[in-house]
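Next come the structures, one after another.
Across the two complexes that follow, chain A remains constant while its partner is chain B and subsequently chain C.
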Partner chain A sequence: MNRHLLLAVALLLIAGTASAAGIPGDADGNGVLDQPEYTAAVLAYLVGEGDLTRTDIQDAAWVLARWDGRPLEITDSSGQTLTLSRPLRRVVTFTGESLETLRSLGFAMEKVVAVDKYSHEKSTFFPECGGKANVGSIWSPDMERVLTLRPDAVFLYATISTAACDEIQQKLDASSPGIRVLRFDCFKPATYPGEIRTIAAATGCEDRGDEFARFYTSVMDGIRAGTADVPDDEKTRVYFEYWADYKTFASGSGYNEKLEIAGGYNPFAGESAEYPEIDPEAVIVSNPEVVVKLTGQKLAAGGYVGHDVAALEATQSAILERPGWTRLAAVADDRVYVIHSDILGGAQHFIGTAYLAKWFYPERFADLDPNAVHQRYLTEFQGLDFNLASEGAFVYP
Partner chain B sequence: MEESVILREGYARLKKTRTVFIGGLLALLVILVGVAVTLGSAGFTVGESYLAILAGLFPETFTAPEMADVIVWDYRLHRVLFAVVAGFGLAVAGSVMQGILRNPLASPFTLGISSAAATGASVAIVLGAGFVGGEYLIIANAFLFALLASVAIYGMARYRGVSSETMILAGIALMYLFSAVTSLLQYVGTAEELQAVVFWMFGSVGKSTWPKLGLVTLVIACTVPYLIYRAWDLNALAEGDEVAAGLGVPVERSMMVFMMVASLITAVIICFTGTIGFIGLVAPHITRMAIGGDYRTLIPASGLVGAVLLLAADSVGRSILAPQVLPVGIVTAFLGVPFFIYLFMHRRDA
Partner chain C sequence: MMRSAANRLFCLALLLMVVPVAACGTPVIRSLSTAEPGAGEVFTVSLAVEGMTLGGVVETLPDGYTFAGTDHPDDRVLVRGQRVAFAVTNETSITYSVQAPASGSGDIIGTWEDFIAESHGEIPPSRVAVDGIDVPGAGDPSPADARAGSPCTALIAVAGLLLVAYRGGRR
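Coming up: the complex of A and B.
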């Protein structure tokens, strides 16, 4: 008796998995939903026959209309190829960058059922996420919460924190093979345009994806084109400091990549550590033409919370008051700037890169208005009612 | 009679050893300072570096090369001297703690004082909360939490009866508690805040300034002579509470005073440098191996060993990957541990 019961449960589970994995309405199981199959499924549903639900029918209609009745194959930034048989309805994001990109693409935010703890806390930038489930961070994920939310897709990083993300993916693959794990970085200039288009395809937001990718690439390509003909020995010499004093960036770090795209020359790019602490003497001797100081959330005020420009001004003053710095070209020429990490890291890096380009080559980028780029991004793509003139503090001066 | 002569000869030999050891350390320290002030990424020659020092002292007579005056006086000199003073202070604090607690593992680090300072710094970094605001937030928090830890150890020990065991147990319990609080703060903090806490805990003398150097020097100048003045009490305590009490030393009060003085020295240093845990543990041991445990000489000699160790570590940290600077807390362990193990393995009385 017990054996029969177990067998029945096992068959049910197999059937459930199979239906979740395939396209709804694909009666002959050949992996393609054609028009007659779809019509038959709809008719059966209307007369109360068949086992498809209303959601199944809607998904079948989507697959037929948008994917020509075939499953969609996408390759994410980790190189894995995934097959989607249905549109994404319940998404969990473990990275703020993916979440922000989904919003840029106009993906319906109510389909995001849970977010990482950092995004959950950003009530100004992600006001809609305060009421969503919090699944912790990639280092300390709340896997029970993830599984009970029955997501159909989970977003993780592709090339950073790979061990932590691999572990989450392995757990999901083992316990719920129906959940698609999508891995994207969404903060790297080299891969972001492609990621925008891939995520747009996966979410059915192709038109908006095109529009956003064009906006993004117009800014970044404009910067690249504006600095392409600057000879190496004429590049603006920049000392770029992390929020910790005398900590800078070397090649390999994301910030250095943006500095180089903006046409800057980093005298410490060749150091062995990615984020080396530099002897203050060496900074003075390098005599930078521009100094850029990064400031981050809480460590110095600024960012999307409040409108504390004075805090950024204080950060700049502290730099100007360093002993001996009055003799630096950057200080003598009033070219010491403060920038908030919110617009130089993550998905908004193109805004910060625009500021860098403008600071490094004011004449070449006379027509570039990074503040306008930022405002357009917030209003048009993020859908936020946020006025940069009176809210937030991102750069100084 | 013969025994007395042997003792006398032994003591004379020990005295000579002490004089040679302390004299040698002083000479080594002077040489190290002399070399360290010429090291730096600016690429000044030895002559230019010294010319800059002389120009700062006698501006009428000497003229420093372009930028050398600023770099040597505003960045290099106080850092070198800060390493000397901080190393000296941490080693003295460690030797006092090991003496009164009669435990070779006692140090500001194992007693939870460094952990408490790290927690104070973390509260400032992650929560932005503290006793004072502005640029002194982290420093004040670290200092006050470190003192708070020693007061808590004192309180618990008083409650249970002051003894080396109660103080060590209270200290270790506090160390775990403060470490857990710091971990919790790192957990709730953003990635940037987490990094800031980690950097703080690496330990560095890079944040030194002339006023900070002045303050630390003042505290050490006020406390170390007092400790040397009471060295016989420390000697008695190191032999055991009963021995000390029998010699008329007020055991509980003395232990608490020494503990507080050692904590004050530690707190005033690590609030500026972050966690440098190794010096306070090892410098006194190295000194004991060389010249024995008489606190009259152990205190100054440990201080000199600590000063030499920290300055050597910082100089190596500044030079080995220049212009990068390796945090001194890391380099100290890399330099000091092999040396310590060598001594430990090669001395029978270790």
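Coming up: the complex of A and C.
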């Protein structure tokens, strides 16, 4: 990128980023907007005096009504504390998970001015994003475009791809310190409920955030409660295979966390690599009771595009034909499943975890209907007109 | 007989088209204690405000008419010439007084803003005329104001045009 151009854009925009300034209408500059200050600002605006714009007054009203006239301090998942003096009006998301979470919270999507290239391409799941600016990926960000869009907030990952995200944040901090960089993962069961509430507070979507957090927590806590009393030596033994054949995951990975919440025992959890490649013979020796194969991304089959259940079925068939696998308990008992990463790897991980629980313990979770959870999520929280009975393919069988 | 049924149908259609249009209206409705005050008489203007947590209203009085007080807290009112601004904080009604001139007529016009809902619009004008003597053109909104019709006015116009077109097509 042309460094001089980037510098020029940055210099032009430094003064223009609103969120860095204090609360509009805070006449005495003490960092708190009280009622008399607000009223004076409103009256001056109404008669055309003063220099506050309509947006300034709307922001002042927001701060007074929602934050009691004080700046909002939030701590994101990277541990950094940020101060917001105004509501977020121009948001750039570099992660599909935070974008999806914003939509779950009912955040006005027109305030998202740009998205990462992957979300930009997901025209079925993010139909409203096709017309938004594309800022590339965290590994290849279009910083010039980001700055030109004059965002007041940029969302990045907190604990994965940290080097790439740190670099983006450093560039933003250096060129336009008014831009708030918010870092959340939005895919980890341990931190997602808190992230939902923090993002909801930052965006003024507290009520909806509370509703969504309760929905999410009811599913995940129900799964945890359903497997809490399973002794370790009675846990369902699971071989979970990544997109690549014989590649699995060990403890510490996000997928393993979900497997364990669902009450599964991963015989390869102790491997030193986070995503180790396993000797085929070792899989046979471990004799899993359940096999789960992941599709999506590097194994394109299923997902939100189309209704290609046959592709998932073919994936399962290929697994069943592996040499020596007829001896596996999972194969003998028809417990070989295929799941798409869309519902296990990102913000929808609770849906996939519900499927895992159901597969691992069908009797304990007889009343759990992961498909109904999925449909409710799409309809009620994502606002999508998407019928799982005739669209998409996420699990098989 | 047929003509009477057609007229009833026309009225029903008009009602069905106008009711939703009216329902999309302003959260601020103005009413006057009298639209025909006597010379120098002080009359009352009431604003019914609905669902406005934090907002504002600006009323503009016709030339010659003067603001004469309000029940709204002093620190939430600002008068500039013919304009009276009210800062709204959850109020459901605002009442203010206006003193009529010795003669003259015109429209009280107003605008509202809901800063939380981030919406704004116009309050339909209210005609006042001293002793009911309306002077055409006097005190009317400026051409610029007149151009800035409310969305509902436009909708009513479109509804009317569609209805006329429909009736024309039936003949």
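Heads up, the rule we're going with is that the second predicted complex is superposed on the first by the 375 of 397 C-alpha atoms of A that agree within 3 Å, B and C clash if a C-alpha of one lies under 4 Å from a C-alpha of the other, contacts with A are read in each partner's own complex, and residues count from 1 in each chain.
Here, contacts are C-beta pairs under 8 Å (C-beta built on N, C-alpha and C of every residue); 3 or more make two chains touch, one makes a residue touch a chain.
Just so it is clear, the model here is predicted, and its values are computed rather than measured.
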item	value
Which superposed partner A:Leu64 touches (first chain B, second chain C, both, neither)	second
First (chain B), second (chain C), both or neither touched by A:Asp279	first
Contacts of A:Thr39 with chain B and chain C, given as first, second, both or neither	second
Superposition-derived comparison: chain B or chain C, residues of chain A touched	B
Which of chain B and chain C A:Arg54 touches, first, second, both or neither	second
First (chain B), second (chain C), both or neither touched by A:Ser140	first
Touched partner set for A:Tyr246, first chain B, second chain C, both or neither	first
Residue ranges of chain A touching chain B (in the complex, touch as defined)	118, 140, 243-247, 268, 271-273, 276-282, 284-285, 296-299, 318, 323-324, 327, 341
Contact footprint of chain A on chain B as seen in their complex	40-43, 67, 70-71, 74-76, 125-126, 128, 135, 187, 190-193, 195-196, 199, 204, 206-207, 318, 321-327
Interface residues, chain C side, partner chain A - complex	53-58, 75-78, 80, 83, 85-87, 89, 113, 115-116, 118, 120
Chain A - residues contacting chain C, complex	35-36, 38-39, 42-47, 49, 54, 57-58, 60-62, 64-65
